[in-house]
Every structure is written in structure tokens, then in C-alpha cells.
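Structures follow.
Look for subunit A in each of the two complexes below; its partner is subunit B in the first and subunit C in the second.
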Partner chain A sequence: MELARSSDALVTGMGSGKLFGNASGVTILDRIVCDGAQVTRPSIDPYREPIETGVCIGGRLRLSAPFAVSELWKMKTVIKRAAVVAAFSMNIVAYLGKDEVTDAERPFLPNLLLDYGQQFSEHAAGIVVNSKERNSVRVDTDSKTQGPLFLIRMPSVDDPTAYVSSALMGFDAIIIDEDYDGLTDIEIAVSEADTALRKYKLNGRPLRDRVSIMAFSSRIRGADDVFKLMGLGADCVGLSQAATIALGNVSDLNEAVFCFENLILSLQRELKLLAGAAGVSNIFTTVVGNRELFRCIGLEKRIMQKLRIKPGGA
Partner chain B sequence: MEYPFIEKSGCGILGILRKHGCPKVKFELALRSIEAVRYRGSKLGAGFAKIFIDIGTSKRRVKVFVKSADFIVDIIRTFKAHGLEIMDAGFEIAPSGDDYGSWVGLSDNDEAKVFNVIQNINSVIGHHDYKVRVYSWGRYVDVFKGVGYPTDVAETFGLIEKNPEADLWLAHTRQPTNSPGRYPIWSHPFSAGEWAIVHNGDISSFGANVMFLSGRGYRSFVGTDSEVIAFLLDYLTRVEKLSIEEAATLLCNPFSLSWRLQKERFELRGACLDGPFSVVAGYSDGDDVYLLAMTDRSKLRPLVVGEDEEMLYAASEEAQIRALSERARVWSVEPGSYFLASMKKGVIVSGRRSTKTCPSLHIPLATGYVIDAKSLGHRELYKRVRDAIMAGKRDLLLKNVLGHRYIGMALHEGVRLRVYGTAGNCLANLNEGARIEVYGNAQDDVGDTMQKGSVIIHGDARDVVGQALQGGEIFIKGNVGNRCAIQMREYLDRKPYIIVGGTADNYLGEYMAGGVVVILGLWDKDSSPVGDFVASGMVGGRIYIRGRVSRNKIGVHPPRQDVLQYLKSLVYRGLLDLKVYEELSKEEELTLELLEERLNESSFVAVKRLFHGKHVLPLNVEYRKLNDEDIMLIGHKLSAFFTEFMIGRDLLEEVYASNFTIICPSSK
Partner chain C sequence: MTKIGLNCRLTDNLGQRTKRKNNSSITFRSGYIQIRNTTNNFWNVSRIEHIRHLAQTGRAVKPLETPLTHERLLDRLSFTSFNMPLEDCDADVDLAVSLAYGSIKLAAPIYFGDMSFGALSGIPNIALAKAADLTETLAGTGEGGLHPEVRKCKRITVQWASARFGVDLSTLSAGMAVVIKIGQGAKPGIGGHLPSTKVTDIISATRKIPVGTHALSPAPHHDIYSIEDLEQRIWALKEATGKPVFVKVGATNYVAYVACGIARMGADGMILDGFGAGTGASPLVVKDNVGLPIEVALPVVDEALRRECLRDGFSVIAGGRVSCSADAAKLILLGADAVVLGTAALIAMGCIACGMCHTGKCPALLTNAAAYTTHETLSLDWATSRLVNFVKGFSEGLKILVSGLGFKSVKDIVGRKDLLKFNEALTYSKKGVGY
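Take a look at the complex of A and B:
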């Protein structure tokens, strides 16, 4: 909530030997730590030196930060309306699903993801095909260089071939959504998708290089979770519940927009602090899939192998 | 009093390329130059690479480190199994005990086929403990590397005796950070195809780069970040057919082009480098030979380049170039930039917005107490200076200075030191009142934490001039590099001054807390007197820059597209007039002041959040002529500067008639 009030980053600490979980217990994300900078690779101070947080999805959608607001349909109306505006003003994306775009919201389409078949979707940032409805949808995704992105939303599964076959259908991006009846943890799903798409070659080049990965989960709490999921292979991370909590019981739309923008700016600044602490000046090219920047503590070997992150001390 | 010297340093890198029609470069030159910075290395790794396009050197030399001669059979068998030929040319160094040998095989097969076999050998036979490692396979490249100082490695390969010639030599002395360094497989140069590189740094993008390469046929890595740089250059030029300029731009990923590159080179995004690096690379396409020198966007490692009539140079320190050429013109590569030269074309990309600097005057050695620094290490030189001062000498002349570090450290008032040659890193650090003059250029870190006294440099100085400077004055006739006046401060009656006759690069006055900096831009009126991110994080003091500096160069800004998008959202919400938006979108400098002037209060408050949070002070920037207050502050120092360097009064008049960009923290 403080993030939504101030637009400044909360500096909470520079490391700890203890694990921080929340009420629902310690997750895999909690067991991943950033390896950080050291003397030969100094940290960067984002207040005085640039750290780039922009990402590019599908080769043509440029976002100012790797954030998406997801599950808008679960939010109360004022927060949902605010999310649509803030996604545009902060140049990130919001996923509206099957909800309708109001007339007042039409100008914000360039930063909205809509489900296939929704009105105005041809002017949106992206058209989302839900994997469970894939058979009823015909998507022409042949070598598009402009217009909305085509994305497929899939549940988080522990089956790398599912991601490869989706990518081969020509989608620009895959949304892996833990809350879309996901069968496995988002951490594992993202890492497996990233690895599988890197292994699969098309014209001698990894499929991953042309397909973006977005990770959606209501478990995402803040910039640290975003940073870690990027390390596992996500180009962009969707927040939903975190936004609902941060905005609390705001009731005025303008106030809600202001707070939503604050939240995004604060998360962006936190992300810069995290990147700076790891000696990273460009998050998109340096962090995505770069497991070398992370270590894990107390994870079973089976999970470590799927994440491809070394244990602490290695 | 003894001062503890810190002997640890970064790696030393070097490249020397001959110009067309000039004699080939003898090995002894590369060795002399890299040994001039012996203190940058350690006994844990050194090496050389030569690049040459002689007639008759058409076969590729496949060079392999092996733990045992028994592996040669496996290597030859693997080549044959792929339908390729390889001729056993014997061992350059025979394996003995636990030490690696270096075996050479000659092959005439084409690049793509040989590449596959090598990946196979390195990832299969050499998989466990790197008992076998192919480390070079070019037609025009030959690598010599091992464990030891450069001279040790040269002796092992018989290079000192043979003194071979080449069109280009690379050299490296290593201070290991990413691998133990006890085996030659971790030494530089790293080579791939027709590329060889030497690197100083520690890249944070390493994991992302390995991912990128492993998806594109590179199957074995020794685990040091430097190796991937050679692989990336090889891949981008050989497979993706990028020009050297395009590949270098992608690797350096400069802030100014970063966004465009991510879109235009979307599928190659994993090739961008991040984190500290200086890289010198050599390449040949069989027709010409290229010398490439790249540095990271923050320039966290040193890199200078140079040129004389016969050769082109790239090095960690100017002393390495001066060890070979007194006449060479030397300049710093700017952050996120690269220098490219070829044997036939000369300098192709200079790596700077302008290489112009002050005219060099030959100033003969004055009379006085002379100490010859030739063949003295920096410790001995320091001791000789100290002994002379203890013996009552107050006016000392140091001749043949060549990169000696710590000259004039913590000297007291009344001492005058005149330095002839290239002053090494950490000149006049902790100076307590001495007057130190340099007739030549000075390397990095001049006047660090200086308290009092004067430093007068009749040439250029490189990065980090006047770090934490807290008293006295530093006058530099030529240009300065990155991060000049970082954390400079004033206290009590002490107000430090830095005056630069030429230009400054990025981060001038970063975190500056006090004192005065003046950048005059006297020597090249066509190029910007300063780089980017001027006065970033400044909290005190004043910066005067002659001429108009774009606001986009002052401080750190949010990306322009993001600001415009925000303003557009205000239009769509009915909070901003479309006309105002359109006008603002045409403005080249979208400053906070401008936005404050054009927007209503609530819109301004909203958009202001994009610019900075509570941790950064806003700056006050003016563009105008010097007023009485300014002249009170800097007039006497400007006169002293012009007198010191004997620069004509007409130029001083011109300076007084000029407009200045004046920066200080806002009192608001």
C-alpha cells in the first residue's frame, strides 16, 4: 500500500540468511536469491545512473517495464477502470479478458490485451487465445510485422512440449497463467517453457528468440518476484492480487489511477534497485533466462534441475 | 613514512595493428608493451594472439590443450569420422605430468564443418575436467597462452627466441576473477573462427549470453565470461553475416541505441553485453586485418587507443602505447563505444565524438634535480622522490616517466614536481599542497582525495579526475575522460577547482557536493564539450560548461517515449489539451521546467513522478554569460589557467564573451 501512496521504492534490505515466506508458506520464489554484484562487477546506483527496464514483447510491443496487470475481471470496477488507464499511462499492458472496453477506454487499446473475438481487439496491443478454446479459434499468425500481437494463454503445466507446440502455431507470445487451472508452480512452468523453447530450433535458431514468455500468477507480490521470474525466463510478469491489495478501498477513479501509477512506478524503481545490485544496466537483454545471476537455498534437487539454478555457494 | 601500495589491479589488454605498407609487427613489441603494465596481471595467466594474412598460410591451425598425448588419436579420429582431414603437426609444448601440452593439427576444411567437429571434441572428449580443449582453429589466427606472466608464456612457446612477425598482435596479462586460473584453458586470448579477443572485466550478462550461444551450436564453455565474447563475435559475423560495426554496436548496446536495437535485432537480444568490460579483438576475413576495441556503457574498465605513422594501438593504459611510440596520438574510447581500424583502411571508427585535443608543445627538460624513471618500478621511483625530499630537495624533475603509479602521493606544500612522460594512475592522490606539473598526458585517477596544492597537466587526463577532490586546483589543458569531479566536495575554507581546456566525457560531476568545475571546450568547437549524464546526483558546487548543453545530457531522465505516452494519457482523460500535447511532443528537450510551465498543477504533479523520486535533488540549469558573481568565483582561476598554459589572451577574451551552461543544485 505504501508503494501505491508514494511512487518511491521501499528499500528493505540488502540480503539475509533467513527465508521470508508469507502466510501461505515459503514458495519456490522465496528460495531463490540474487547472487548480486561484487568488487569486480560493481553495483549500479539507479538514482544517478540509467538502468533500463523496458522490454520488447513479440519483437514489436515495447513496454516501459516488464509488468502486466492480469485478471482484471476479478477486480472491483473502479480498480479495473484504473488499471486500464494506468497500463496506458505507464506503458505496460493490462489483460481485460472477455470484459468489454468502454467508449472512454478505447484510446487505451494500444496497451490492452483482449480475448479473441472481443470488440475492438484489432486495435489492441494483443489478442489472447485461451488454450482451452483453441480449437474454436482460427488465427492467422503468419509472419506478422505489425498490428496486434497474437498470444496464447495456457495453464502452468510441467510439460515442455505443450509450450513448444503452442509456439509452433505461430503465436508471438505465450502467457503461462498459474490461475488458469495451472497444474504446477509458475516458477517451474516458466523455466521449463524457456528451456524447451531454447532447445527447439527453427531454421537453426532457437524458437525462444522469436517467442516471448509472459508469466501470470496471483502469487506475485512485488518487484523481487518479477525479477526472479525473469531470471527463470519470463519477458514480462503479470500482477493481479498485489494490485488489488495495494489499492485497498480507493473509490474515486482519478485517485485510483494515481495510486495505480504510483504502484507501477514504485515497482519499476524497485526493479532498478534489484538490477543495480546485480550489476545489470539492461533488464531485458541481461536478466531474462540468466540463471547465473541467481542461486537457490534449500530446494530439492528435482526442482533445482527444472529451474536450472545452482545451489547457494556454487 | 611508508605508504602501503595495493598491488592488485585489473587485467592488462593490448592490440597492435600495422598499417598497410609498413613493416610487420614483431612479437617483441607486443611483449614489451604488455610487460609495461606487468602490475596489472599476475602469475595466473597470460597470452598472445597473432593475426596474419601471408600468402601460403591457407591451412587452419587447430590448436588443442591436452592433458595427455593419448588424446591425439581421439581428436584425429573425430575429424575423420566427420569426413574431415587433419594433419598432425606435433606438439608446441609436450604434456608432462599434470601440465597441459599444446598440440597443433592442420586442416583445410571449411569453417562450418570444422566448427561442428570442434564443438563435438570440446563437449564430448573434453567434457570431463577439460582434459582436451580446442582453443583456436582459425586460418589467420594463432594463439599462444598459458599460466604465468607474459614473459613466462612467451618463453614456453619459444616466442622470445623466434620473435615472429604478424599483421596484428594481441596480448593479455591476467588477474583472474571468474575462474581459478591455474590451467591454460582459462587464459586469454580466447579465439573462435577468425577472431581472437582479450578482455578485462566481469560481465553480468554472461548467463544470458551462454543461453544465446548454446541455442546456436556452441556446446562447450570453459566457464569464464571472456570466452563468450569471442564466440559472440564469431557467431554474429560468420553466421548472421553482420558487419563488424553492427556486431560491435550490438555487443556494446549503447544507451542511445538500446531501444532501437532491441526491436531491430529482437532475435539477437541475447548477444548484448552488460557489466564491466574492455575488449580488444583481432579479426581477419583473409583480405584485410581488423583491430576492434570495445568498452561497456558505464566504462568501468580503462581503454585507450592510438595511432602513429606505422601502427594502430589499443590498450588498457597509455603507457603501453608510449612504450612503443612517443609520437602516437592517443585518445580514450567513450563509454558504450568501439574503435575499429583495419590494416588497409586505417581508422574506421574512432570511438570518440572527436579525437581533437590541445596542441602538444614540446617542452624541454628544465634544469634542476633530475630523477630518471627509466627502468625504475613505481615503488623505487616513489622511494627516490621521498629520499630526495628528505634530503632537502624541493624542486624535482622526473624524466622518462612511463605509467608509473602513485607519483606525487601525499606530498606537502613547498614541493614542486615536474613529470616528463606519461604519468600513471593515481597521480597526486592525497596531495597535501605540492605543485605537480605533467608534461605529457596523465592516466586514470588524478588528484583523488587531494587536499591542497596544484596539479597542472599539459595534455589529456583519462577517467575519474578529481575524485573526492576537497581542496586545491587541477588544471588540464586537453581533454578528460569519464566521471571527472565525481564526489568532489568543499568544506570550511577549502574550495577545490577543476578547469579543463578541452572536453569531458560522461558523468561529469557525478554525486558532486562542492567546488567548481569549468569545461572550456577550446580545441574543437564542433563537438559537444561534455558527454551524457552531466551532474547526475549533484548536491553541491557549480559546473560551468562553455556553450549550450542540451538538457537531455544533464542528469538521468526517463525515456522520452514514456513521458510522451503519459502526456497522451492525460489528453485521453480530458486533463490536457491536445494542442499542448502536440506542441510538447515537438520539443527536443522535455524538461521538468518546460512541463511545469505548460501543464496545470495536477497534471504536472502527476507527470513529475516519472522524473525522479525523493532521493534525487532537482538541478538548476542556466544558459547565459558570466555575471559578476561568476567572475568573482572563477575569474582569477581562469586567468591562472591561461597563464599556466601560455594560451593567447584572445582565446581568454573569447571565453569571457561566450555563453555558459551553468549547473548547480536547485535551492527549491
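Take a look at the complex of A and C:
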């Protein structure tokens, strides 16, 4: 909430109170720590030196930060409308789902993801096919260099073969959505999908090179979760509940837009702090899938193998 | 939330803290603010009460029964050969250690964490340096120049950090050693941060920066981009001051290699700072996510140094959430020569772990902006006596543990990992997310 008001990274005193114990609500992401660069790999000063946070989805959709706003249909009208405006002004994407595009929202189409078959979808940033309706949709793989992206939204599952087959069908990006009846933790699904897509070679090149991964979950709380999910292989991470909580009881549209923009800006700054500490100057090229930047503290071996992250000290 | 008023003040060296509100005055015999809860998960009430007890009595309390929670990996380690009943433990144990190839001798393996004048309000800085003098330990002074009173003390180290605040030759030569600060446990890879609200006239004079600006130190040293660069700085500082040089680094993924580089390039020791270590101000996102816990990094560092035959004489000072003598004993067994007491020392001086250090409005008068102290100040004698007591109690606990392990000197247990066992009973939780 403070992020939405201040537009700057939150600064506090004292040592971290975070424990890696068994307290309820501790997720896999909580047990992953990021690297801090020292001496031979000097860190980058995030306050003074440039750090690139921009990402590219599906080879042609360029965003200023690896954020997407998802689950707009669950939000209050004012927050939803603010999200659409803020997504456009901050150059990130918002996933509108099945909701109708109103006239007021039409100018913001270049930053909206719409469900397949919706009005104006040919002008949107991307067209989302829900995996449960996949059979009724024909993907036009010929128009790959222009026009909206084709994305497929799939639940988070343990078995990555479903993601590989979707990638082979010609989709530009796969949205792994934990809230779309997901069966497993988003961390594992993203990591397994990334690993499988990197392994699968098509014409001698990894399939991962031509398909992007987006991770959507209502459990994502902030820039730290985004950074870690990117390390596990996501190109872009969807925020939903975090935005709703951050905006709280805002009722005025202008104020909501202002808060939303601040939220995205401060998350971007926090992302830069994490990247700077790890000595990374370009998040998209260096962090995505780079598990060497992370270590696990107190994770079970089985999960560590799936995530392919080393334990702390290794 | 902490149930305290912000208008508490310490009065005199009798150790009385009076709370003045609506003309009613409540006196706490201990001189500490009463707390019921803290906002910090690690520094909970029981840990704080433990430290306060040591600081009041100067005697050890149940050194084996602390820690009280089992949240850290360190808490799940226990001593294998502790078979002596506590009352039989011979307290006549030699705690003296020598650091930096024998050039610094400490009466107990304790180093007060580097806290700058600016982060702390002046009196606590003096109390730390004086307590180090009185107990023959060592106190770090942090970045940003020396307080004139601190400069008079002998057992201090002077920090040479990335922003070079307040650095000149007389300052660098004022302490027993120079510390090159590469990183800190709370935010490895991010530079020091003194918020604008705490940059007052007096801080502006010592740091030579304008009043009311953020003192943001650069993240890296821009003249140290390699181990070779580091060597040049180490030897330049040694030549200029004639003092031993320590290098302070945060515990990160490749810290073992960094440690070997530091030792190989001629430093006399390193200060290894783990996850959760204290800070005056730090971005929350970095604090909560970057770096490794000290108990994970320390054995790796110790092992790497031994493998490279660099450990003898080279000092490893480990810190980050050292809260009781058992923590210290375990870290020494894992390979530390001495431990850092930072937040624990502040708690001994009355810190209530409210996490408000960055605002400059510390309810315990420790980290408040230096100008605020004109009308409300911490009693120097009281703070110093609490610290001295704390060191006494802490050392006594350590003595009991060392003798219980069957040794006569703390030097003999450094790196004896075989004397520790991991408590498997507390492994994996049901969800598979656990130790």
C-alpha cells in the first residue's frame, strides 16, 4: 500500500525479521534467496547506474517492465479501469479476460490482452486462448511477424509436456495461471515448463527461444516474487491480488490511476534494486531462467531438483 | 504492535527511565521500555528479555536452553558431546583470542558490529567504543567519520566504505584496524543508506555532505572491480596506517571464493555478515531476499580457506543474528574466530526492535537523528554499564559452553564442526517446504 503512495522502494530500519522456518504461509518463493554481487563481479548501483527492466514477449511485444495485471474481472470497476489506463501509460500489459472492451478502454488496446473471439481483439496486444477451449480455436501461425500475439492460458501442472505441445502448436506465449484450476505451485510449473522448453530442440534451436512464458498467480506479492519467478524462467509475471490490496479503498478513478502508476513504478524500482545487488544490468537477458543467481534455504530435495536451484552454500 | 509511548526518556545513570505523559510518571526499575510484542519475527520478546537479563545481571542465564525457537538452521544444530551437567561446568575457561595474525588480542571473541555515527545518535557510538575498551573486545565504527569521543577510544576499527565518508589519514589511523567494507549482511550488493531525516548539522559536518540529503553510498567500490584491485587497496591502507586490514563482506552465493581472494591478497581477516543482520536503513525488498544465512555461508568459507591453506592466522569474524552465547558457540564451532554483536548490543542498550531506525525517531533514543538528542539523551554511563554487563554475561555463557564441550580455551573449538549435530526431528514439514 505504501508503494502505491510513494512511488519509491520501501526503506526500513533493523535486520530482516524473515525466518525460513515452518510458519504457516511460507511459500517456496520465500525459501529462495537472491545473490549479492561482490568484488570480482561488482554490484551495480541501482540509484545511479542504468538497469534495464524492459522485456519482450513473443518476439514483438515490448514492455517497460516484466509485469502484467491479471484477473481484472475480479477487481472493482474503478481499479479495473485504472489498471487498463496504467498498463497503457506504464507500458505493461493488462489481461482483460472475457470482459467487454468499453469505448473508454479502446485507446488502450495496444496494452490489453483479450480472450479469443472478443470484439476489437485484432487491435489488442494479444489474444488469449484458454486451454480448456483450445480445440475450438485455430491458431494462425502464418501471421507471426505482425498483429496481436497468440497466447495460451494454461493451469499450472507438474507435467510440462502440455506446455511443450502448446508451444509446438505455434503460440507466441504460454500463460501459466495458478488460479486457472492450477494443480501445482506456480514456481514448479514455471520452472518445469522452462526446463522442458529449453530441452526441446526444433530445427536445432531450443523451443524456448520462440515462446515466452508468463506466470500469473494471485499469490505474487511484490518485486521479490517477480524477480525469483523470472529466475525460474518466466518472462513476465502477473499481479492481481497485490494490486487490489495496494489500492485498497480508492474510489476516484484519477487517484486510482495515479496509485496504480506509482505501484508499478515502485515495483520496477525494487526490481532494479534486486538486479543491482546481483550485479545484473539487464533483467530480461540475464535473470530469466538464470538459476545460478538464486539459492534455496531449507527446501526439500525433490522440489530443489524440479526448480534446479542449488542449496545455499553450494 | 509495541505498546509504548514515544515520549519516554532516560534520566540519569541510576538506570531509570521515566515516561511522562499527562503528568503521570512510571518508572521501570530496569531502565528498559516494557514490551509485549515486537514487529520483528526474529528479535522476539523472549530473545530481547534474555539479552536484557544478561545486561542487568552480568551473569549467564541458561546458555544451553537458548535459543527458544527453532526457526533458523542454527537453532536446529545442537552440541554432540555436551554431557556434563551445567553446574559442573568449569567457568575457568580462556576466552582470549588473537586476530589478524596475532596483532590484535581480545579478551573475548566479541566484535561490536559496525554502526556509524549517523545511524546511531552519538551516545550509543561512544558507549559501544567505551564498552569495547572496558571489556577488551573490539568495536566497529561504521562508515562516516568518527565521533570525537569515539576517536579517544582505543579498541575500535575504522571503516573504509564505498562512499569514503569522513575518511582521512588521521581517521584511518585512529583505530586498531581498518575495515574495507565491500558488503553488509542486510543488503549485500547495495551501498549504505542514511536517510535524509537523519542528516543533521553535526552529521553533515562529519560526513561532509549537505544537511537533509540522503547519504546513499555507491553499491560497489568503483576502484575495486577485481581481487587484484582489492589487493592494491589492502596494501595501500596497510602502508598508510601500519594497521591490520579486515575486509567485510556479506554472505552471498560465491562468498567462499571471495574469502579465498581476500586472504590470498594479504588481508588480515574478514568480517562475514549473514542474512538478517542489522541495518539503519535498507530497502525492504533487498533485506528480505538477498544473501545467505551465516550458518550456511560460514562453514563453506572456513572449509575453502582450509583447503587453500589460508586459514592459519587469518581471522574470520562472523555476524548476523547472534543473539545468545549458544549462537556464538555454534558459529565458532562452524569456523568463526569471533562473533559480531550488533542488534544484540543495541538491545542491551534498550532497543525494542520496533524497526523504526530509518525514521530518526527511535523510542529507545539509540538511532534517533543526532540533533534530536539536544533535549532527550541516552545516559552514557547507563548504556556503557549495560553493555559491559552484557559482554560479561555473554562471555560467562560462552565459558560454560566451552567447558561443557570439554575444552579449556575457546581457540581450541574454532572450526570443530564434528561437535555439532543437526536435529533431524525438526526436518521437513508436511508440505515438503521445510528443513
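Note that the second predicted complex is superposed on the first by the 300 of 314 C-alpha atoms of A that agree within 3 Å, B and C clash if a C-alpha of one lies under 4 Å from a C-alpha of the other, contacts with A are read in each partner's own complex, and residues count from 1 in each chain.
The working rule: a contact is a pair of C-beta atoms (placed from the backbone, for glycine too) under 8 Å apart; a residue touches a chain by one contact, two chains touch by 3 or more.
Because the structure is predicted, anything quoted here is derived from the model rather than measured.
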Can A:D177 be said to touch subunit B (first), subunit C (second), both, or neither? neither
Figure out whether A:V33 sits in contact with subunit B (first) or subunit C (second), or with both, or with neither. second
May I ask you to decide whether A:E300 touches subunit B, subunit C, both, or neither, giving the answer as first, second, both or neither? second
After lining up the shared chain so the two structures overlap, which partner does A:A9 touch, if you call subunit B first and subunit C second: first, second, both or neither? both
Return first, second, both or neither, reflecting whether A:G313 touches subunit B, subunit C, both chains, or no partner chain. second
Looking at A:R48, would you say it contacts subunit B, subunit C, both, or neither? Reply first, second, both or neither. both
Quick one: classify A:L274 as touching subunit B (first), subunit C (second), both or neither. second
Once chain A of both complexes is superposed, is A:N290 in touch with subunit B (first), subunit C (second), both, or neither? first
Hey, what residues of subunit A end up touching subunit B and subunit C alike? 9, 37, 40-42, 44-45, 47-48, 278-279, 292-293
Residues of subunit A touching subunit B in their complex? 6-9, 37, 40-42, 44-45, 47-50, 52, 54, 56, 59-60, 62, 64, 85, 88-91, 107-108, 198-199, 201, 204-206, 208-210, 257-258, 261-262, 265, 269, 278-282, 284-293
Any idea which subunit C residues touch subunit A in the complex? 39-43, 69-73, 182-183, 185-191, 193, 195, 216, 218-221, 224-227, 230, 249-250, 252-255, 257-258, 261, 275-293, 296-297, 299-300, 320-321, 342-343, 353-359, 367, 428-429, 432-435
Complex interface listing, subunit A residues touching subunit C: 9-23, 26-28, 31, 33-48, 222-224, 227-228, 270, 273-274, 276-279, 292-293, 295, 297-300, 302-303, 312-313
Help me check something: in the complex, which residues belonging to subunit B touch subunit A? 177, 201-208, 210-212, 214-217, 253, 255, 258-259, 262-263, 266-270, 272, 274-276, 297-298, 300, 507, 510-511, 533, 536-537, 556, 559, 561-562, 565-566, 568-570, 572-573, 606, 609-610, 612-616
